[in-house]
Amino acid sequence: MRNVVVTGVPRPPLDQLDELARFGVATVHEALGRIGYLGPRIRPIQQGTRIAGSAVTALCWPGDNLMIHAAVEQCGPGDVLVVSTASPCTDGLFGELLATSLAARGIRGLVMDAGVRDTAELRAMGFPIWTRHVSAQGSVKATAGAVNVPLVVGGQSVLPGSVIVADDDGVLTVPAHELPRAIEASRAREAKEQITRDVLAAGQLGLDRYGLRALLGELGVEYVPYEQYLAGERRNV
Amino acid sequence: MRNVVVTGVPRPPLDQLDELARFGVATVHEALGRIGYLGPRIRPIQQGTRIAGSAVTALCWPGDNLMIHAAVEQCGPGDVLVVSTASPCTDGLFGELLATSLAARGIRGLVMDAGVRDTAELRAMGFPIWTRHVSAQGSVKATAGAVNVPLVVGGQSVLPGSVIVADDDGVLTVPAHELPRAIEASRAREAKEQITRDVLAAGQLGLDRYGLRALLGELGVEYVPYEQYLAGERRNV
Amino acid sequence: MRNVVVTGVPRPPLDQLDELARFGVATVHEALGRIGYLGPRIRPIQQGTRIAGSAVTALCWPGDNLMIHAAVEQCGPGDVLVVSTASPCTDGLFGELLATSLAARGIRGLVMDAGVRDTAELRAMGFPIWTRHVSAQGSVKATAGAVNVPLVVGGQSVLPGSVIVADDDGVLTVPAHELPRAIEASRAREAKEQITRDVLAAGQLGLDRYGLRALLGELGVEYVPYEQYLAGERRNV
Amino acid sequence: MRNVVVTGVPRPPLDQLDELARFGVATVHEALGRIGYLGPRIRPIQQGTRIAGSAVTALCWPGDNLMIHAAVEQCGPGDVLVVSTASPCTDGLFGELLATSLAARGIRGLVMDAGVRDTAELRAMGFPIWTRHVSAQGSVKATAGAVNVPLVVGGQSVLPGSVIVADDDGVLTVPAHELPRAIEASRAREAKEQITRDVLAAGQLGLDRYGLRALLGELGVEYVPYEQYLAGERRNV
Amino acid sequence: MRNVVVTGVPRPPLDQLDELARFGVATVHEALGRIGYLGPRIRPIQQGTRIAGSAVTALCWPGDNLMIHAAVEQCGPGDVLVVSTASPCTDGLFGELLATSLAARGIRGLVMDAGVRDTAELRAMGFPIWTRHVSAQGSVKATAGAVNVPLVVGGQSVLPGSVIVADDDGVLTVPAHELPRAIEASRAREAKEQITRDVLAAGQLGLDRYGLRALLGELGVEYVPYEQYLAGERRNV
Amino acid sequence: MRNVVVTGVPRPPLDQLDELARFGVATVHEALGRIGYLGPRIRPIQQGTRIAGSAVTALCWPGDNLMIHAAVEQCGPGDVLVVSTASPCTDGLFGELLATSLAARGIRGLVMDAGVRDTAELRAMGFPIWTRHVSAQGSVKATAGAVNVPLVVGGQSVLPGSVIVADDDGVLTVPAHELPRAIEASRAREAKEQITRDVLAAGQLGLDRYGLRALLGELGVEYVPYEQYLAGERRNV
């Protein structure tokens, strides 16, 4: 690990981030061909919040939040702070005081690959957080790390300045240069989904709408009446 | 795995399902002698919902939801769709569009042994879901599986046409022919628990009500005053 | 395991417990030098509740809640029941009837290192619970254990008569003789945090307030402009 | 759970079991269309052992091995004892003394969905074991369970009298009436694999042998030279 | 956590440790009434080694092995070093160089609640290790901890100067003042087990030897012939 | 995920790979400043093997090994195949037939972030494997993925053409342009460790050799005699 704080990372335009924030994680993920989802273990501590922002990254030593303090200075309006550790860590590296600092700088939220604490206060503040763990265990400030270097979180590479989208389904990272395409493709997908939704609500089946009946036949799936199936199975009891 | 869609699975009477739905999972589980609980890992995405329905089952390949589409056609009013995968899978095989389809057919909920997505929308729709994972990661439709075959979910065999009961404590499967007994036994247990509740609220101890004092004695449990116990323990520090 | 029920465990004064209950788990944990946190796996089933009480402990055999019944009799106003098992167990050893008993005796809550059930009813009752698992699976009453002996829960030794603090961040055990110091140190910490909070909200950085800039320098952390960093990294793709 | 000991379970012929034992778990699993694999968590405590036998099943309460003792009496030459618990359990429910009993009755091995102990002695005895856990923690004999009822182990239903195959890849259950087909299909698969092995060893690619080149094309997989790919990716750093 | 190095911890007599080392973990655990087993997650990196020694304890910060170096100085012949961390950690806090130091001082082995590395070299040296993780990830030396304070490892309190027994079944801690009783009780248990082993090898059943037939009857366990059981079950398919 | 097979990835010189293979994972990891370790969950199925090679990467859909077949064609002498899946997967995507193909092409080993099967045969062949899971469950060939794109395995980004080092401590990825420095730094570290080893074997303490005594003092670590410490602790029982 090179111990650096990278400064001056370019950000995507705020209005484009705001535009993308209207769409959910699942929609953007699909629209872009399924890249960058941080997986099912990074979960929100609140319900019903949806954000988009520009990633500022911090890589900490386990049990140590020194580099989060260094990262705060690199954060500005529209940013989302993304924190990981050099090896797995459950400790509460982030709490209400750091959130106060971030909120004062216009930061939109935190993605934490370790733990957070003061969760009641954080919810009361309305500061949105997605985290792997909740833990009251605090940290030291003794070992160097890095700020605004590429991280790996939840099986994905997260680049500084990339776009973060987060909601109740989890967290997504989108390459910055894909932001315009993400907006356009999400808009198109949403429109298409609205039509599909109406059709499905009216009773058409996905089997027919997506042309899956033929596929089932090609794959050799047979339709068998219950009594006939049961007769075969009873031999196995 | 035989690649079949079993049709015409018989359902338990809707009024009996409605009757059973009044009781909680823990009550029915106890009333029937502790069979069929799908374990502590299948959790609701909503709070305070209690349902009962008839199981339609779908067995998918990991990362593939083709058979869920085939299963929708086999679903009708009062059913609960139960989905498992051929090996462990965290992906979001089910989302808001499939829920729209199911809701249009009168289905009461979903039990998912993999993952779901669009959780904010699903809660907003009021479509009840119990799931092992929440994940925005989507699926393909490429590999055959089966519909309405016996599944294993959470260490239990779930048969098509069996009764599913679900609430904040998790999910239960009850053999269809046990439904009348389940209602009767749950009603009896509830009545008995109400009496016990009143007695305990009035201050009687379980030790006395359940006759456990004698058992403690038979098992050799001794009552020891604190100072005496402490004197013994201090030798160990 | 010695099969004993230890009686007459001394309790800390109720007014001091009430005083400590005003502070959160993270605050008390820090104030006392980070001792006794039961870790990130014991989680509340409710949100926004904060309690403090005196520990009554019960050690059960897996799948068996006999000793919880023995423990109830040892519980009184201001107590918190803490339950562990001789080996890991997910079963629902505690439900609404036991909560009715405890509530009738003025107990403030339950900390469970196995599972609980009837969670909807327990939330409706307003009986606060922190637990490792939620499970409808019930228990037997067949094997001896112990009441008011030291337990290990979440990597911490929990002594009978010690102070339990619990909120959305988890559960803390504090030695009884530390209670006055815990109150004083928490009060001091809260006051100091209020000042820090105001300063951070006004925009001062933790880097400056905590004197961390010098430390970053000593540890060899370099500040590198983005373009320069990128030039180095591009060699690695 | 019904508390029964089912007696007189029919066994498959010993010579057919011996015949099947020649093939590995992966081969039989494939030959039968991928049914009945007990998953990656049930692991051998020894290396290089391969067995086949007839399942005798025991369902125990967690922390309790009473029903293993009841099951021993139902075991005979060629059998494999399969043990599960009513809820997850890591305890060592089986050790060297029980293995001595089983070996004296001609039993071929143990499949344990909880824990075993005395592993050094068991390896020294040459008694083959597949288990979820190794734990020195012992058990009580206090609560009823069942013998020779269907179990669920590792996501599979295991019927008494079914065929168990086990080796370094794990454990497989095969319906008894499928045993002749399992032998025949495994033999055919082994022969086919020997030809494939020779061809692959001689350098032919699976892409060509299995006709996968065309599939890659249909699925839209493109071949891209490294420098061209790199040029695209560098935009993302 | 108080940051102390406790010196001059009294040790049990070496000849008694040697005497206890003859018995396995499971035997001593049973002989003493099932206390102090460190659970199924602390596993040996070698096979077939059995040791007993006196515990020297070290409590480290996650990712930091400073206190192991401080602990080495407190170690002498017959000791076993037991290391834990303030929160869960997978890093390799211990490797071949530290083992060289310990071996030079006559230490008998290491019990590690985090990770070790250089496992090939450690096996080649014949230095016995029980550990939760194997990881090449190294550590810093920056944060204080403690030496020879009570630790919690695997759900057990481990006191400095207590007796550690370890073999293929895991690790056990025995209070120092129990060592003579442990030897005597293990010897008695071993003798009794030898008789039981001979009887079981000769074909007597545990059901008869331990008087369990009557218990099965009292618990209501019924014996049911296979065909009769099957008739009942067939209704459920 | 872009569905591509990247061809013509440049490889590091074979003689440099051979040179690096002499050093262990832990040594190279330290020598390079602790980058690229794939973590404690990717474990060898054999013991005592150490390799280095050039990474060919394959990204598969869960339960599908189509892209491994496409990757084989891109492999040559000195390569190590590294396989990951789009979401977590335990299935046996790789077995003895694929190993036969790879061995015929001079490949040095496999790193698998899902599962392998035929482990007994693979050990017998002497084909080295590091894997997250062992599972007999086979795969389909139905869904596109990618070959020689960057993967994330065990929290690290693995680039095609990077250097893989693997032994009993796990797996390391080293950027190709760092290979000469890795060799030199590992050689230097090994030499230095030999001196340290001799000194430690002769009895010098790490406390003195690494100058840690002063650090302990600065951090406020106190040395306390046992009796004095005990007197303080006894108040807590």
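Letters A, B, C, D, E and F mark the chains in the order given here, with residues in each chain numbered from 1 onward.
Assume contacts are C-beta pairs under 8 Å (C-beta built on N, C-alpha and C of every residue); 3 or more make two chains touch, one makes a residue touch a chain.
The structure presented is a predicted model; accordingly, all values stated were derived computationally and were not measured.
Ranking all chains by how far their C-alpha centres lie from the centre of chain D, first place goes to C. The most distant chain from chain B is F, comparing centres defined as mean Cα coordinates.
Because chain E and chain F carry the same sequence, their contact can be compared by residue number, and under half of the numbers here are used by both. The centroid of the Cα atoms in chain C and the matching centroid in chain E are 27 Å apart. Rounded to whole angstrom, the centroid-to-centroid distance between chain A and chain D, based on C-alpha atoms, equals 37 Å. Taken residue by residue, chain D touches two or more other chains at 34, 39, 86-88, 90, 135, 137, 143, 150, 233, 237, whereas all remaining positions touch fewer. The part of chain D that touches chain B in the complex is made up of residues 1-2, 33-35, 39, 86-88, 150, 152, 155-157. Partner chain C is touched in their complex by these residues of chain A: 3-10, 66, 69-70, 72-73, 90, 92, 95-98, 100-101, 103-105, 115, 117-121, 123, 133-138, 141, 143-146, 148-150, 160-161. Considering their complex, residues 24-26, 29-30, 34, 37, 39-40, 43, 47-48, 50, 167-170, 172, 193, 196-197, 200-203, 205-207, 210, 212, 215-216, 219-227, 229, 233 of chain F touch chain E. Residues 61-64, 86-91, 135, 137, 140, 142-143, 230, 233-234, 237 of chain D are the ones that touch chain C when the two sit in their complex.
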